[in-house]
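Okay, so subunit A shows up in both of these, paired with subunit B first and subunit C after.
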Partner chain A sequence: MNLIQKFFSHKTRRRAAPYLFLLPFIVLFTTFWAGPIISSMYLSLTRWNGLRPPQFIGFENYARLFSDPVFQKALQNTLIGAVVYDVLLVLMALALALVLHLPFLRWKSFFRGVSILPVTMSLAVVAFVFQLIYSAQGGLLNQLLGLVGAPPRNWLGDPNIALGSIIGLRLWRAVGYYAIILLAGLQNIPEELSEAAWIDGANWFQTTWHVTIPLLRPVLAFVIVTSTIWALQLFDEPWLLTQGGPLDATKTVVIYLYQNSFRFLTLGYGAAISYILTLVIIAISVIQLRLTMTRD
Partner chain B sequence: MRHAHRVFIYIGLAIMCVVSLLPIYWMVVSSIRPEAEIFSSTFRPIPSTVTLEHYVKLIQRTNFRYWLWNSVFTTVASTALALLVSTMAGFAFSRYRFVGKNVLFLIVLASVSIPEFVTIVPVFGMMSRMGLVDTYASLILPFGANALGIFLMRQYMEGIPEEVFESGRIDGCSEWRLYWNIMLPVIKPAVGATGIFIFLGSWNRYMWPLVMTRSDTMFVLPVGLATLKSDFIVQYGQLMAGATLSVVPIMLAFLFFQKQFVQGLTAGAVKG
Partner chain C sequence: MLRRLVVILVACTLIAAGAAMPALAREKITVWAWGEAAIAIQEQIKPDFEKLYPDIEVELVQMGPWDLMDKLLISIASGVGAPDVSEVLRRAFSPYAESGGLVDLTELASKYENDVLPAAWAQSVFDGKLYGAPGDTNPGWVMYNKEIFDQYGLDPEAIVTWQDFLEVGQKLKEQGVYMTQLSIPAGSWGANHYTLFLNSRGGNLFTPEGQVIRNNELALDTLRFYNELKEVALALPQNDPAIWTAWKEGRLATMAHNAGQAAVLKQLAPELSGKIRVMPWPLWAPNAPATTGQWGGANWVIPEASTKKEAAWKFIEYMTFTKEGAAAMWSAGQLMPSYIPALETPAFYEPDPFFGGQVPFDAIRAREIPPLYQYEWIRAEEIIGNAIDAMFLQGVSPEQAWNMIESNLARLR
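Up next is the complex of A and B:
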């Protein structure tokens, strides 16, 4: 009897164990993520100033998005910024990774260390430093341009180039990091494959283009998806450097939803903006998930 | 490859190093040169005099020591919490069969990339109803549930052979001891790598603490330092001193643990 009891309780414990191990996650996730996402969906269907109770207005906020020129400008900046950033990022990171993978290269760990150093700085700190670099009056970049006799520019104050300047500082921080990720992917490719191509008489470029890059595709897909997801959430740097100006030239979707939620106190509208952007981001990560799954 | 090619490659890498390091050098050098020299019409890479006045002012006149402590405390606490929660959940997903497992894991996968800005308004409302605005709890608790952490932990744990646990079970280990005394020591390196990943994400967080904290003594580094910028006169020397101090601990840790850092940063990419 005692033995049966013991067996039984052991079995029960083993059945209950996974739920108990998951309990902290379930509690925290429900409270701080799942619950708020559902209430955010409701808020996006209301007019709410954060003080009086929210007032249900159906899809009015979503309809307003289509006729709001500021939102459209913000969306345009975000999408153009993401595409330009992604293309330059992938090209530069891939080039750096391929160079760091060259078999004859010396001081590899030094170059790897230097490449990854910028990403250890927080976005906010990078923004502070680049304020000095981009400053129109005596900033580092204009000083360097002065050395070669080029005229100074107002990197953050000129609406035509401000978004480009923001993309530039993001690239400065991220290229090395993504290069290291791609490098890890390159190191996972069996060397016999490229050696076979070498023996068949292919040169470095042919081997890289026809053998290495196709095999690197899953990691490249990961890099593109991850960097896109982060690019769509652009906030810290333009908020700290230009507050979205000049003339909304660096206003992003997240800046606009932050302003609606915490400055203009149009929280329902802010929630609608955040919902649209979240759906885009989740759609992209589902694509990523499928790519990862098929890879395995 | 021919000799000339190699030379070009080293020149290219040298340029890459200059571009990577120059802004970091500029941050440090601007923090130790007189305020009047920070902006200049000509390129002067070496300061005329070295001064620590910005550091002294930063520490004496601002709440920098609070910002630093708040950053350290909330980052360490939320990383520890996230690791505990992630390893427990990863253990459940990798070692047990139970009703609802697939649904729960799909939820984890789907929430890997839920952005913070979509939950921030309701969470802020909830925190203010509970009186938790401007407290550490509002900066730590929400980040205990880290979907990517759970995903990574499950991946690593699946690779551990079941025999290790079977012998533990025969010896009468409780389920908790299987997790704490057998699983955790085995996957310590993976926990470390994931921890670095979570740590950096937390150390760098800006929008969330900007919304959740109100008083100067509760700010974390990025939020506190930004207040030096929002006044009428920007204190660039102090700003760079603060930036340098906030970056140095991370970079030193990076130099010592480069291998683990790289593992942590690439954790999601290659193992995923």
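Up next is the complex of A and C:
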């Protein structure tokens, strides 16, 4: 049996088949994931403006990060924003999901459809609408404040509340989407368990707290982890509305990463920021998974 | 024998035809541009150029300015996908000029040097070499709502100096009308707006060599003025729709800004057609030189990776250094060319119905534009914008804000 015959033998083909099926994934993964990840690790150790060859500088970019007040401000904004956003998001999405799950609610399909609409809308359009809502001059929010006699606020121009305004927009976009995910989880919980609790005398709140939410934990864990990752990568909303201002009050790590990479042309520094952000995301995700899935 | 001869003849004919093909094919160049320049290319420059050079076809790719800059950076960095001609923000130009990734245009363009605004030429040169053909130069002017001026009996010609402008602003403020508009958060818009005022006084933040000017009294004084201007201004985020609403509702009297804002106003508030006029940039003192500032404008470059450099240069030369090309830029969006001879063409002296039949260019040609030196400018914008925010939002004095600017700029260079 010559080599060609041996190669095409039935046994060899059987053994090679799974690897051949995996080959497209491996090629794509190496090209578009592993390659950039490894090369950006190298780039984070260089000084590179994207236009001239990179110059190796070791860990200088990382050392600079720890003394960079703008990065620290961006990291602080990102972490505070993520915590506030995540807590509010989970509470609001869970509340909405529970309402959508109420057995006596009519027009369920309509409300579910409406809930998911915000996330399907173009962010450019949403940003424009929210500029009208937040506008310091005759914006909807200030008009509402005026109705109760409160003074108008500069929602996007005041450094003390600008980040909160951005979080408000992000919540408006995300709550319905995550509520639908939680609703899917609620629908998978056998009704017999709730009924058993009611028969034992538990009210709706007790049933929800002691039966529904514990059983919803895997879905909640998914919502918390994915929404946190999304929150830690906050970019579009502040970039469109405030470009990170005023006074860096809405500057997030990803905005600073983008600015360094594509505006200031310090791509090596940008790569270092992206690695730090990745480490932060991994660490927080691991902690969240451990906390939410402990009992499993 | 005869068969062999026929075969040879046929082969020769085919080879000759093949050799002739490239001569017949049109050479296609890709041009990246944004906004009004892209409109001007699409509507007028491209058809006129292709008529003049029938062997060159222009493919226009239109995108937003920063989208273009991102893609240009990536194409130069990767060596793949660069266009043959690209527009580049002049205020972000210096690292591109330094990169070695752009074609040196010095030899090709030097014959036009005396015909180009010195301020624009100076910003396109690095290390004595020209790496971008200066396109538009976005000068400052003041658009105003004539109805408001008429309503309150104000004479625009009486606004000679910025002090006059502030005084009129105080009067209008008492009537609930904003004199002008500023950006809060300042960001890059606020930074460049402040620089427009500084430049109009002949001031700069950097020397021509790129050093930060220390103890810059002119820059500090301009910051003081900018702080006063805020008292009579509608201060909102730059893209806030309330700005255009205020225009439409007659609550905003003027916009002291770059001339390019006219195209935006025409697009977003067409119902104001006939009500708006322009006046020249006020002076800094009654006997001060008649100057205005510049916002930055754009340069046109050829990436080294282009394989059609000759055709690319012909296009740039037509667009920036001919009267026809430069006039098309003005007609499309009030993009004032840096090429001075173009300013003689009738396009610049046509009455504009949006401005009530006024010739808007008259407001620009009444002013000289001093040179502007921008280095590390995108970082500088952040620094200036933050200092302005601190001044406007946290009550920091102009002196403290200037110290913030000077010390942070010094760290850049």
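The definition used in the following text is that the second predicted complex is superposed on the first by the 255 of 296 C-alpha atoms of A that agree within 3 Å, B and C clash if a C-alpha of one lies under 4 Å from a C-alpha of the other, contacts with A are read in each partner's own complex, and residues count from 1 in each chain.
Here is the rule we use: a residue touches a chain if its C-beta (ideal position, glycine included) is under 8 Å from a C-beta of that chain, and two chains touch if they have at least 3 such contacts.
Quantities reported herein were computed from a predicted structural model and do not represent experimental measurements.
K.L.:
In the superposed model built on subunit A, check whether subunit B and subunit C fit or clash.
P.N.:
Result for subunit B and subunit C: clash.
K.L.:
Scan A:Gly138 for contacts with subunit B and subunit C and give back first, second, both or neither.
P.N.:
Both partners.
K.L.:
Can you tell me whether subunit B or subunit C touches more residues on subunit A?
P.N.:
Greater contact footprint in residues on subunit A: B.
K.L.:
When the two structures are overlaid on chain A, which partner does A:Pro18 contact: first (subunit B), second (subunit C), both, or neither?
P.N.:
First partner only, subunit B.
K.L.:
A:Thr242 in the overlay: touching subunit B, subunit C, both, or neither? Say first, second, both or neither.
P.N.:
Touch partner of A:Thr242: subunit C, not subunit B.
K.L.:
Taking the superposition on A as described, I'd like to know which of subunit B and subunit C A:Met121 touches: first, second, both or neither.
P.N.:
In the superposition, A:Met121 touches subunit B alone.
K.L.:
In the superposed arrangement, which partner chain does A:Phe262 touch: subunit B (first), subunit C (second), both, or neither?
P.N.:
Both: A:Phe262 reaches subunit B and subunit C.
K.L.:
Go through the superposed model and pick first if A:Ile37 touches only subunit B, second if only subunit C, both, or neither.
P.N.:
In the superposition, A:Ile37 contacts subunit B only.
K.L.:
Touching A:Ser9, do we find subunit B (first), subunit C (second), both, or neither?
P.N.:
Touch partners of A:Ser9: none, neither subunit B nor subunit C.
K.L.:
Would you sort A:Asn188 into first (subunit B), second (subunit C), both or neither based on which partner it touches?
P.N.:
first
K.L.:
Give the one stretch of subunit C, out of 8-16, 44-52, 62-70 or 206-214, that collides with subunit B after superposing.
P.N.:
62-70
K.L.:
Would you tell me the residues on subunit A in contact with subunit B in one complex that are also in contact with subunit C in the other?
P.N.:
50, 128, 131-132, 135, 137-139, 262, 267
K.L.:
For subunit B, which residues count as touching subunit A in their complex?
P.N.:
1, 6, 9, 12-13, 16-17, 19-24, 26-27, 30, 38-44, 84-86, 88-89, 91-93, 95-96, 98, 101, 104, 107, 109-115, 117-123, 125-126, 141-142, 144-145, 150, 174-175, 179, 200, 203-204, 206-207, 211, 221-223, 225-226, 229, 236, 239-240, 243, 246-247, 250-251, 254-255, 258, 261-262, 265-266, 268-270, 272
K.L.:
Show which residues of subunit C lie in contact with subunit A when the two form their complex.
P.N.:
66, 69-70, 73-74, 76-77, 92, 95-96, 98-101, 184-188, 234-237, 239-242, 245-246, 376, 378-379, 382, 385-386, 389-390, 393-394
K.L.:
Which positions of subunit A touch subunit B when the two form their complex?
P.N.:
Going through subunit A, the ones touching subunit B are 13-15, 17-22, 24-26, 28-29, 31-37, 39-40, 43, 50, 96, 99, 102, 104-105, 109, 111-126, 128-133, 135, 137-140, 143-144, 146-147, 172, 176-177, 180-181, 184-185, 188, 204, 219, 222-223, 226, 229, 233, 235-236, 240, 254, 257-258, 261-262, 267, 270-271, 274-275, 277-278, 281-282, 284-286, 289, 292.
K.L.:
Could you pull out which subunit A residues touch subunit C in their complex?
P.N.:
Within the complex, subunit A contacts subunit C at residues 49-52, 128, 131-132, 135-139, 154, 156-159, 162, 241-248, 259, 262-265, 267.
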